[in-house]
């Protein structure tokens, strides 16, 4: 009875646990430093978060936390998207690093001088190559079939992954970015009360 | 260096692991049965997913998987939202179970005879009480301060939770619903290839 | 051949033309004054725009222009929605003035002390009654069948309206709000170049 | 007092009125024929609507009406976006016809064999050239400064246009597509009651 629900949850949790060892601390540190610096601009630097499909949702969840932390943050696809310039930071999330519209948008951001942080499994992808900072997050990806099981097999061992398509990347990225939010709380001296005070009080 | 990123990830993973024991199998089974039955209606029954803020994003991620599985599924807040009737199923996600607009929308769904599945930490909340099926997912919640640490302390022991606001609920719900998607794959006889064949090929 | 396309366009244009006479100048002036004052707060006052369905889209189109004018503006339903307080302004758009979730959200805004501007055909509706400023925009409405043809008949004369449901309200509100944007350009001393300079350069 | 509100509304209405003469009936007829044929596929053919910024909102407003008419319709940027194939129809809205992400998405649609209908002021733009059917809708555009006043001057005569950026295109496209919806009502034998019966009953 409902055994696959819990087998899958187990596998996702194991995957995230092993991913934690593989994520490169110096990549994370560079990302955090850029975000701390952006905060210190007092709203003059904006952050634009972008991702397609479920990666886009993971990006939105992180964008909400950045807003709660006091950032001037926007999401590609929302109604209000500001003009981006050289003071600004783009965070692009794509497991494969080759989602066409995200690569196109990230290229446009580079062209106007914005810094691009890529969250991807593939540093050597089009997105990874154009980014100023890459944070490698393990995951299977849905587009590169040959390579896709490389990480999954390395991490899960002999097990066939249960979670389909980009699930492992997306869930790992979600939890990783929730970790980044807590790191930022500490670096910026923010308490949970500070975040609560920024939380929407009229919600849909 | 970036220690809070990984401490937090560790705590989220521990929380989800312990939550797996607390989630009630019979509640999950009832949810799965309704979803299997809905699938068998051959598109005559629709699913409408709703949630506010980050819970809404978790709902959207699940809605995408339901679409990949072949469901006739919609999200409250999307452009296209159909009329809901008595054949239809609403999945409402709210940690506190008392987000006002979600309760209002779920009440409207009940009134027209739709079945409501609530994903919440509080079965005794307004949302929990009106739902046909409640699946209790542990979490702290951002609105009920007295109660909010009950689950967190029960699960994390002496540790002060690092992850702020609804993070623990949202991440647990995300991974739980990814588990539900895999359970449905098995019950409906779907392979990863079937899901891939339904995946958007023009993405933003 | 395609005669209904152009008959309908004709009728919409005639409706908007006659609506221009019926819109009350002093209501519009009060709305403009609040928006000018909001601008002068230098970003400390925020605007939150809300509407359901097609009225919500009209609101989003106006919100984009407010952003181009330099306002600190948000849309209910976007990822990033800030906490609203007593310095802030809510613009709620609803032909009938009784869309339940919009009324609920506008009530929440009133409770925290925000000013509510209602764009509606019915000043005596729940939304109209709670608003600080009502701007009456003629239209048929989809919910109040008895009343719904009052405006339409008054305006179109003997003609049966072609445009279904809320179309006449929505199109009139769209064009009215585009007029408000130009009024604000003049009052705030903004040129088209100023707006262009705020326009998104990375678009989806 | 508020004179620019009404001067602008007047100019928009005049623009739409003259645009009605310039819109080519045979282009509209081809669009309508494709949409009628799509309807007759009984849901096997899908429609995907796409546009950036305010043009995207105009597209969403039309997509809602297509849904009310009984179409299987989706919007690029919504949570649920299906796989597109050769039976399907893409409606792409772009005044300039050169919005990069829309052109990229329309190219992807062509590649999988979908029919592309372009709503644009520029048939000779990248979008116009790749489309199966172009419907030319007059407008100024925000990107091509040399050309942008061609239509506006042709239509408004000596007047400097008041409405900034893409306003004239967007409002004309909105009213045109509302006309298309009524044409489809007649061709498909739908009454306003039929549309009402498809309207969302749980709205945000």
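By written order: A, B, C and D. Residues from 1 in each chain.
The rule is simple: a contact is a pair of C-beta atoms (placed from the backbone, for glycine too) under 8 Å apart; a residue touches a chain by one contact, two chains touch by 3 or more.
All values reported here derive from a predicted model rather than from experimental measurement.
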{"item": "Duplicate of the B-D contact set - from A-D, A-C or C-D, the pair where over half of the pairs recur", "value": "A-C"}
{"item": "Between B-C and A-B, the pair joined by more C-beta contacts", "value": "A-B"}
{"item": "Type of chain A:chain C copy interface by residue overlap (half), same or different", "value": "same"}
{"item": "Angle (degrees, nearest 5) of the CA superposition of chain C onto chain D", "value": "180"}
{"item": "Intercentroid distance (Cα basis), chain B paired with chain A, Å", "value": "21"}
{"item": "Computed distance of Cα centres, chain C from chain A, in Å", "value": "35"}
{"item": "Computed distance of Cα centres, chain C from chain B, in Å", "value": "34"}
{"item": "Where chain B touches two or more other chains at once, by residue number", "value": "60, 64, 76-77, 100-101, 105, 108, 199-200, 203-204"}
{"item": "Complex interface listing, chain C residues touching chain B", "value": "77, 100-101, 104-105, 108, 204"}
{"item": "Partner chain D, residues of chain B touching it in the complex", "value": "48, 60, 63-64, 67, 73-84, 101, 105, 108-109, 112, 197-204"}
{"item": "Chain D contact footprint on chain C (complex, rising order)", "value": "1-10, 12-13, 16-17, 20, 23, 25, 28-29, 32, 52-54, 56-58, 60-61, 64-65, 68, 76-77, 99-101, 142, 162-165, 167, 170-171, 174-176, 178-183, 185-186, 192, 195-196, 199-200, 203-204"}
